[in-house]
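Here come two complexes built around subunit A, the first alongside subunit B, the second alongside subunit C.
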Partner chain A sequence: MIINKSEIAGLLDNLVKEYRVYAPVQKDGIVTFEQINEGTQAKPGATSKKPPKEILFPQSEELFNYQVDSQGLRMEDKIDDTKSVAFGVRPCDAKSMMLLDNVFHNDEYEDVYYTTRRKNTLIISVGCNQPASTCFCTSVGSSPFDTDGSDVLLTDIGDSYLAEAITEQGKEFLCKLNLPASDDQAKTKAEETKKQAQLTSEVDTTGIKEKLDDMFDHPYWESLYEKCLGCGACTYLCPTCHCFDIADEAKDCAGCRVRNWDSCMFPLFTLHGSGHNPRTSGKERWRQRAMHKFNYFVERYNASACVGCGRCIKNCPVNLDIRQVIADIKAQDTGSEVS
Partner chain B sequence: MQKLTKEIQDTAKKLLEENKVDLVVGFAKGSLPLRSTPYFARTAEQAEELVWNQFCENNLANYLKKREEKVAVVAKGCDIRAIVALIKENQINRDNLYIIGVTCQGMIDRNKADELVNGKEILETETNGEEIVLKGKDLEQKAKVEELLYDTCTRCAYGNPVIYDELIGEEQPAKEPNFEDIEKFEALSAEERAQYLAKEMEKCIRCYACRNACPMCYCDTCFVDESTPQWISKRANSAKDNLIFQGVRVFHQLGRCADCGACERACPMGINLSLLTRKGVKDVKETYGYEAGLNPDDKPVLSDFETDDPQPFLMKE
Partner chain C sequence: MNKNNPYLPIPMRLVKNFCETEDKLIHTFDLEFVNKEDQENFKYLPGQFAELMVYGQGEAPFGIASSPNEPGILKFSVAKVGVVSKALHLLEEGSTVGVRGPLGNWYPVEDLKGKNIVIIGGGFAFTTLRSTIQYLLDPVRRGDYGDITVVYGARNPGLLLYKEELQEWENRDDINMVTTIDRPAEGWEGRTGFVPAVVEEVAPSAENTVCIICGPPVMIKFTQPVLEKLGFTPEQIIMSLEMRMKCGLGMCGRCNIGSKYVCKDGPVFTLEQLKKLPNEY
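For the complex of A and B:
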């Protein structure tokens, strides 16, 4: 189907009546995913500074409220089942949501807060015609027009988008919009566009999981963290990082349990109540970050916890580049090489 | 710049070869255009990776605290002001530090460059003296370096290092500190100021890049990380709490902030943080005639007391 670009704002205006709509919005030169009230606010095709994972997994969310009074204890769950649409998601970010599904809904555990939002949120992605120089999605099993995690994928073909339904929900959604069908010319243009979207950045990640299997005690970690400031810019702007911390905010007999993003780069991360911390310095913290992304996650879910979006590269205050880290890890001698 | 790079490399190599230092902290070429990256050279060979250019934006004083070994640092004016302040606070042992001072005309603000090319991606740059060419796909934009400098740099009066063991680069013309930005903010009504700050603080994601990039922020546990008591909410979506975080940080920096702008440069969300820190710098200068990190021999102003100190906070307005 075809959506004319000039009709996007009107289409979003209609969606707003039925759904909570999130879209990339530019404010003060920074693009973030926000809930919009009217279509003209959206800037489809812009890559957000902060990834849209927060639509499903907000940076801070109230899990439940509680109150103790003469009637006893009362609790109120804050499960959010509002029908939502995330419009203009990048394929890498949609892919990250699929990876997050593994964490929040698996054989052992279902996170009802995440999964309820996920079930009620349609993901409308816009493919990347011009990947940035910091993008390396093709090196981590994705691509500029990856359909993983999206319900609908839009391809920018000039004055319009070609819309493809990826899931059943996506199909139903597109049917309701009554859009004109795409002709052969549009389909050919979309195919060409997809072919032309070339990445300039590549990192060889083959065998990195196996390499890391033998690297827990490797001296490489001693130097890797040296310039790292230990801030959370990389993890908070990462579409797949998902560690969180739980805090109770209470006053007298009423309170609220809040879940906040956490970062393995922080000294407080995994600090035990006893005062002991198994990750005492940047060395252990950086090792955790690299291992979690390229070893533990691969072992558990058969995919790396990196979609190659490049946000950590662009936003690191000291230019610590994850592509270089991957290359360095690959180049280390672990003493158990099989050539 | 190539000449400065060569001089820095030669100095670093000599210091390492003669075992005068165990480590040289400087900058190496970054992986992105408009970026250099902090670098740690421990051998003469590694010293060849050192560079100097207008992308050396980080404050390297951050990497010198509580070091046991003998260290040399490649430091510009603001790094050195922070070093002086940290020596006074016993965080850096001057006897173990060799300062390779570099005179500085300012560093280039990546965000200003991005703004200039209006969303296009800069893939390469070429600097010809006072001009820089920003290049990319369908892009070749010339600009004056001066116009792309960080605001903190254009207002800085300390391009010439205040202390050093060796000085590299040409002496910079003397300048007076300029607080026009703060005066403009002060002229707003209380309501306008509150509104502006609320808008800025809404952008905060509590990644603490500002705090961690600041050489003067080194509390063992920052008050925001305390849980007993929990001074402020851990929620990032609370602009009020974000302002308390920044406000307390600024109060803690009074008489200590070297006005280097590292906090603002590190902020991924583009928050105007130097507005707050520079207000503190201006107030301390006006009240006590003191600027942090200029004089190695005096006491930090708020750690000292003179009977004739002005005490305007005790008087009614």
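For the complex of A and C:
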């Protein structure tokens, strides 16, 4: 099906009546993914500085509120089941949601805050005609028009988007929009567009999991972290980073429990009550970050926790480039090389 | 655990707030279920932990010191170190607290059937060991297990937990209870010496035996070679780990050792399992 670009704003206006709609929005000089009230706010085709993971896993959210007084205990949780549409998600970010699904619904527990939003959110992605210089999705098993995690994939073919349903929900959604069918010309154009989308950077990640199996005690970690400031920007802007803190915001016996994004790059993250800290310096924290993405996560969920979006590269204040880290890891001698 | 939302605590009533040690650092808390239904749903085994919540302050993870054969209550012994534990210490009996659990895995009490059991504890890391001893000594169950030997040490007599129960266990003949303090102290007629040395003296046989050890790192460090000398293999040594935790569900990401989350895959590991994990705990 075809969506004419000039009709996007009107289409979103209609969606807003029925759904909570999120889209990339230009605000304070940056693009962020936000809830919109009218179609003209949206900038589909723009890549947000912060990943849209916060639609499902907000940076800060109230889990429940409570009050204890003479009448007893009152407690109320807030599960958000609003029907939502995320319009203009990048394929890498859509893929990251599939990785997060593993975390928030494991073999024993279901995080109902996340899973309820997930079930109620349609992901409408826009493929990347011109990947940025920091993008390396093809190096981590994805591509600029990857359909993983999307319900609908849009391909920019000039004046319009070609819309393809990826899931059943995506199909139903598109049917309801009464869009004109796509002709052969549009289909051909979309195919060409997909072929032309070239990544300018890549890094060989094959075998990195196995390489890291033998690298926990490797001297490489002793210098890697030296220029890192420990600001945590890489983790906050990473679409797959999911670490969080739980805290109470309360006065006397009434208040709420909130969860906030947290970061393995912070020393307090692992500090015990006793004062002991298993990750005392940047060395251990950087090792954790690299290991978690390319070894531990693979071990647990059979996929690396990196979708190649490049946000950590673009926004690192000291230019610590994860692509270089991957290349350097691959180049280290671990004394157990087969080839 | 709340069936629909694992983040929601169940309400419990603090029925006893007892100062356990002479340095006043450890209090033991007995909690009673407010709702009958919660009591029925709270099924746990020795070694598991729970998040204990003080309304208005937050929650923190603590090993469960009571045993499933002590129905109706949960017991926790908590050192005063942080915001939640300090608030707990000050809490009046009768107050409502929140509990989220049981969380984590447990000592493999099923696999231990037919085996001799050696339990080694030090300092205030005796909470889930108390749970284990209570569990094993349950008359309906005691026959399932072989000899039970316990070595428990503290710096001085005033720092031992559960003093009355220790006395009671010492008087029983179906458990070899050895209590020790580091140095001789006035009024102490029991054994003196550090835990590793006492384990060497007691010298439990490793044959058909499993050892559960829980205590400060320095105690574990020096007891391990003693156990090895006695013939214990890494598969026969079971430990319980501590880590900073938040969710307890394997999601928040901070308590991992390698690819394992201590909150969900642990806190109980055999030494054999730990040897395969990175040394980062």
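The rule is simple: the second predicted complex is superposed on the first by the 339 of 339 C-alpha atoms of A that agree within 3 Å, B and C clash if a C-alpha of one lies under 4 Å from a C-alpha of the other, contacts with A are read in each partner's own complex, and residues count from 1 in each chain.
Everything that follows uses one rule, which is that a residue touches a chain if its C-beta (ideal position, glycine included) is under 8 Å from a C-beta of that chain, and two chains touch if they have at least 3 such contacts.
Because the structure is predicted, anything quoted here is derived from the model rather than measured.
J.: Under the superposition described at the top, does placing subunit B and subunit C together on subunit A give a clash or a fit?
T.: Here the two partners, once superposed via subunit A, fit next to each other without clashing.
J.: Applying the touch criterion given at the start, work out whether A:R323 contacts subunit B, subunit C, both or neither, answering first, second, both or neither.
T.: First partner only, subunit B.
J.: Touching A:E168, do we find subunit B (first), subunit C (second), both, or neither?
T.: Neither partner.
J.: Can A:F216 be said to touch subunit B (first), subunit C (second), both, or neither?
T.: second
J.: Check whether A:D333 is in contact with subunit B, with subunit C, with both or with neither, and answer first, second, both or neither.
T.: Touch partners of A:D333: none, neither subunit B nor subunit C.
J.: I want to verify one number. Taking the Cα centroids, what angle sits at subunit A between subunit B and subunit C, in steps of 10 degrees?
T.: 90
J.: With both complexes overlaid on chain A, does A:M75 touch subunit B (first), subunit C (second), both or neither?
T.: Second partner only.
J.: Of subunit B and subunit C, which one touches more of subunit A's residues?
T.: C
J.: Quick check for you: in the superposed arrangement, does A:D245 touch first (subunit B), second (subunit C), both or neither?
T.: A:D245: touches subunit B and subunit C.
J.: Examine A:A254 and indicate which partner it touches, taking first as subunit B and second as subunit C; both and neither are also allowed.
T.: Once the two structures are laid over each other on A, A:A254 reaches subunit C alone.
J.: Which partner does A:S133 reach: the first (subunit B), the second (subunit C), both, or neither?
T.: first
J.: On the combined arrangement from the superposition, state the nearest Cα-Cα distance between subunit B and subunit C in Å.
T.: It comes out at 6 Å between the closest C-alpha atoms.
J.: Counting contacts the way the document defines them, which residues of subunit A are shared by the two interfaces, the one with subunit B and the one with subunit C?
T.: 245, 247
J.: Okay, in this complex, where on subunit A does subunit C touch?
T.: Residues of subunit A touching subunit C: 63-64, 66, 68, 72-73, 75, 77, 79, 103-104, 106, 108-113, 216, 242-248, 250-255, 257, 259, 262, 264, 269-274, 278-279, 284, 288, 291-292, 295-297, 299-300.
J.: Subunit A touches which residues of subunit B in the complex?
T.: Residue positions touching the partner: 30-32, 35-40, 58, 62-63, 111, 115, 121, 123, 137, 203, 205-209, 211-213, 221, 225, 227, 230, 233-238, 265-266, 268-270.
J.: In the complex, go through subunit A and note every residue touching subunit B.
T.: 28-30, 49-50, 58-60, 130, 132-134, 223, 226-227, 229-233, 236-237, 245, 247, 249, 258, 260-261, 263, 266-268, 313-315, 317-321, 323-324
J.: In their complex, what parts of subunit C are in touch with subunit A?
T.: It is residues 4-9, 11, 34, 55-60, 79, 81-82, 85, 96, 242-244, 246-247, 249-259, 264, 278-281 of subunit C that touch subunit A.
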